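Two complexes follow with chain A in common, the first pairing it with chain B and the second with chain C.
Take a look at the complex of A and B:
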């Protein structure tokens, strides 16, 4: 009896052990996977914490302080924000940034779509064309701005030479406050086309050719196909390009720094340029942080609005 | 950042050290004469130098191949890491250096910068090295010494000056029947109007007096100094650059452009590759003393045609800025830093640096140097240094000065009257000074 019972118990224990072993193995394997997962994302998490999260938090905190680099920050509440609210130049910079964004983003996106559609066709020298359009994107903005500086030169610049050829008067493109901002905007549009074109080009190649074939069979013209197939199918790419472009446009700095230095008479100063001036010319880091927070708020609101308008939450 | 380190062999090191000690004992070494940075044998350490001069290949070559080796002959136990920058990015360098706690041991900065950095405790007062206002006045003119002082203490030693004054083209003046440059504002206006040329459709071909190739703040300051006005009151508590005299100065400039049309907005700019006086696009204009270098390089035949002159209003107006050497308050090797400062401001090193940039030596004794005698612009500047005035004053000057150009542009472009532009500017400055 006892032998039988023991034998049965042993048998039952073996069965339980056998049943447990795979489960424990699965749990162990899951833990290993999770650990490996954490290890894999750790560099990205560390990067995000060190280079993004901490600076963002520090920026928010410092925006409530009087911090002039040379001495420890002192808490001043909302004083920096009140100063910005009453600062005519920062208001002008904000307005200039909005105008710059309003014109550079849609214009460069429109041109980029058209160029991308064109370069998605089977045309000769397609690769060369693609590289040419993308070139401004990979060229240093300062170098580009120097070239435009020459083109805008009132005396020996290319643009005035062309105007002169047609008997039109020369213009002080960067020295006339009525023209300077538009001159900067034109550079922004031109420079922004390359990257947008590349994204659209990638998106275009994901559109099912059968859609166009079916539309053709139904007698849809190329224009109709563009508006009824291409543009709707590019909606996710458009959302991405739009958000990234707005962020990029609000961060415009290099061409202003090189082309106009914010002038004449602050006609081309931008929010980022004012941040730079406050931080590195005036040594007012607290104020510069408050300006950065305002810039961040603008971008956040615009991104949310854009997401709502384009139905981005469906994607 | 270029790093230049001195790593002599031990035998060579001993020889150089012995030689330098012998030289120091026998010669009249400047550092000891002025209290010095201690005995040369005692000075050691690795120090950093932040400099906006010695730029470009030629500048680096001068510093690294000619000057620093001589410094190491005197101080073999010191090594210097050089961080080159430009005045355009010096602010960023200094800000980030202070924020990170890695302030260079020796920093070169401009006139007008000293007050702000000294006020914030970034700079070391130099009297501990025997450098006092009185000792410096033996070698420099009073106002140049003052440019390196703050609150009664000496924080910087001048190396070179950048001066601004007017220059006329003698040949163009002669064509119009003028045999000498204008000697008053009225004559300046008269000459400028007469010398301005436009083509048949009214396009400006030659400016009577060029103001736009130059930094507008400094341009205005020349006229302001000439009007008898000053930037701040005597105790530097209030801006005075909106005084009636200063407003008159800006009105004069504005009228030259908007009423008398002696130059059109956009005709020239600070980005101009060739100064309009050199290519004949201007008959007169404000110039920097290094115009001489430009002429020698691009059109030496014009050298005799350039005539420097002072703009005379209530008094002669001339601007001087410059580069001064300072020592960090937190330097771990202050003696070595002070030794480098003294070396770089010594006659030989300062002369070489000035020659490289076409600048005006700050040391009075260099007036007789061959370089000065052969450079008409530098010679003129040095001979008239008594009339030169500098910008700066309050510790907030670096913040205030950035507001000048937009204000002057607003007046020149007719967006504001000179009075409005300067009143607004003064209000901004006062706010910064009161903060």
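Take a look at the complex of A and C:
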């Protein structure tokens, strides 16, 4: 009897023990897991805090200061913003940036949609075409701008050569204040097609082919199908492409630096170029930060407007 | 290509599945957490029933339509394809001409370059322009520097962004959602909203370049490899992409590995990472390309010729020798060719990466 109770007790104890032990193990392994998670994410978190989070906050804070690097920043309230408001060159830069964006983005998007739709057909050399259209996207903007600088050359450039072949007069593409911005815009359109085309192409492949089948059974022409099926189905992709392209276009810098240096007579200066000048040529860091904040505000407003317009169904 | 890319990825995924057979059923819900793939698989599954309906609907009509529209539609289709090909050909030519012109200019003689209108092909092919360009400016050094930095950025990203992406995807730790939202928020910050303070942090980096503990008195990280390698080493975008890739894998693997007593680092490095090799290639290529093509940051933090990257070297050479077009185009070709080659060799991963980034 005692034997049985004892054995019963031990088994009961064993059971209790066994029940407890894994539980304890799980709890401690859970803690270990959590610690491992933090340890693994830590380097990235630290890097992001130092090189993104702090700089963003600092940009806003410094925009209210007069700061010329060699002396400590001093708080001057909204003076930088007031100065920018009255600054003709910054206003010109803002206008140029807006013009640049609103010509490059829609034009290259329109071309990209058409190219993507064409490439989505079963045609020959599809892969080669796609690679060719994408090529300007993988090469550096500086290198590309260098080539265009040479092609725009007023004396020996390829573009004037083509014009003269058709009996048209040569142009000083980058030196003529009326033409310079358009010349920069053309490069922007040319380079921007590839990325947009690719995103559209990926989105096109997600469209249910039965929609087209049904439409063509109903006798809809392919142009009609494009406007009634393709474009509506591409709405989320369009929202995404638009936002990304606007953010990219607003930050145009490399080609301006190489092609025109902001000239002639500030005809092609951009907001980014003014940030660069203020911060790294005049060492007026506070003013440059205020310019960055204005740039950021523009991007924020444009993103929100676009989200409203497209119904924000980007996900 | 992106279509092929995704199908290939799912192919790889299914190759991984036998190791965790039950995982197959779970792998798809796993997909759902990756926003992009969820949309895709959602659409695909939505399309399936209708596809069946369509097939059954189409079958009776098939014969009649085939009888009714034999040669004419096929011909019209072929004619349409010819038109499409021609239009695309003209477009593609526009895309390729600047590159052709770059290479052709780089091998032209000075006399050749000084004629208007220029001949398309060089009168004589002056390959020595390349060696002369290397003498005129240290393009070799610039090239090497770009290579070091791009490789460095890629390595840092592959280790730390992948690690963070894994932790965010697979380890339930407190504050994980918050950290992830933080990365997503940082993802949207434009370059110019952070560039000035980034420069200041580099300049006032304590105890470097003659700086004291408060970062005063010297030049900090300016004109050092640190400035070129560290700030641009990690991007929230890479972390985000890695998280999505790790999320798409089945959970059984990690459970089994944890029961076997493997540490998280080993589960990450030896169990999960080998399963996302194509994704790693994608992130690596995008990082390498971004780094190779970067201009503004190296322009800001370096003034020494021996630390210049090729993009900055090109711009400086252009400012100094604005008429040496043959040399300039030779240098530009050097700056362009590695990316073009890399793209042609690994096109699939590039396109997959951009498509993924696009759909998100």
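Convention: the second predicted complex is superposed on the first by the 261 of 315 C-alpha atoms of A that agree within 3 Å, B and C clash if a C-alpha of one lies under 4 Å from a C-alpha of the other, contacts with A are read in each partner's own complex, and residues count from 1 in each chain.
Operating definition for what follows: contacts are C-beta pairs under 8 Å (C-beta built on N, C-alpha and C of every residue); 3 or more make two chains touch, one makes a residue touch a chain.
The structure presented is a predicted model; accordingly, all values stated were derived computationally and were not measured.
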Could you classify chain B and chain C on chain A, in the superposed arrangement, as clash or fit? clash
Now for A:84: first (chain B), second (chain C), both, or neither, which partner does it touch? neither
Just to be sure I read the superposition right, which of the two partners does A:280 touch: chain B = first, chain C = second, or both, or neither? both
Can A:140 be said to touch chain B (first), chain C (second), both, or neither? second
Would you sort A:71 into first (chain B), second (chain C), both or neither based on which partner it touches? first
First (chain B), second (chain C), both or neither: which does A:149 touch? both
Dominant toucher of chain A (residue count), chain B or chain C: C
Using the superposition on chain A described above, determine whether A:176 touches chain B (first), chain C (second), both, or neither. first
Does the superposition put A:262 against chain B (first), chain C (second), both, or neither? first
May I ask you to decide whether A:253 touches chain B, chain C, both, or neither, giving the answer as first, second, both or neither? second
Touch check for A:51: first (chain B), second (chain C), both, or neither? second
Could you point to the stretch of chain C, among 56-64, 182-190, 218-226 or 326-334, that collides with chain B in the superposition? 218-226
Need the overlap of the two footprints on chain A, from chain B and from chain C, as residue ranges. 69, 149, 153, 155, 279-280, 285
Chain C partner contacts - residues on chain A that touch it in the complex: 29, 33-38, 40-41, 43-45, 47-48, 50-56, 58-59, 62, 69, 111, 115, 118-119, 121-125, 127-144, 146-151, 153, 155-156, 158, 160-161, 164-165, 190, 193-195, 198-199, 201-203, 205-206, 208, 210, 213-214, 237, 240-241, 247, 250-251, 253-254, 257-258, 271-272, 275-276, 279-280, 285, 288-289, 292-293, 295-296, 299, 315
Within their complex, state which residues of chain A touch chain B. 68-71, 89, 149, 153-155, 169-177, 261-266, 277, 279-285
Can you list the residues on chain C that touch chain A in the complex? 1-3, 35, 39-40, 43, 46-47, 50-51, 54, 58, 81, 84-85, 87-89, 91-92, 94-99, 101-102, 105, 113-118, 160-161, 163-164, 166-168, 171-176, 179, 182-183, 186, 189-201, 203, 230-231, 233-234, 236, 239, 258, 263-265, 268, 289, 292-293, 295-296, 300, 311-312, 314-315, 318, 325, 328-329, 332, 335-336, 339-340, 342-344, 347, 350-351, 354-355, 358-360
Note which residues of chain B are touching chain A in the complex, please. 91-92, 95, 98-99, 116-117, 120-122, 203, 212, 264-269, 271, 281, 398-399, 402, 405-407, 409-410, 413, 415, 432
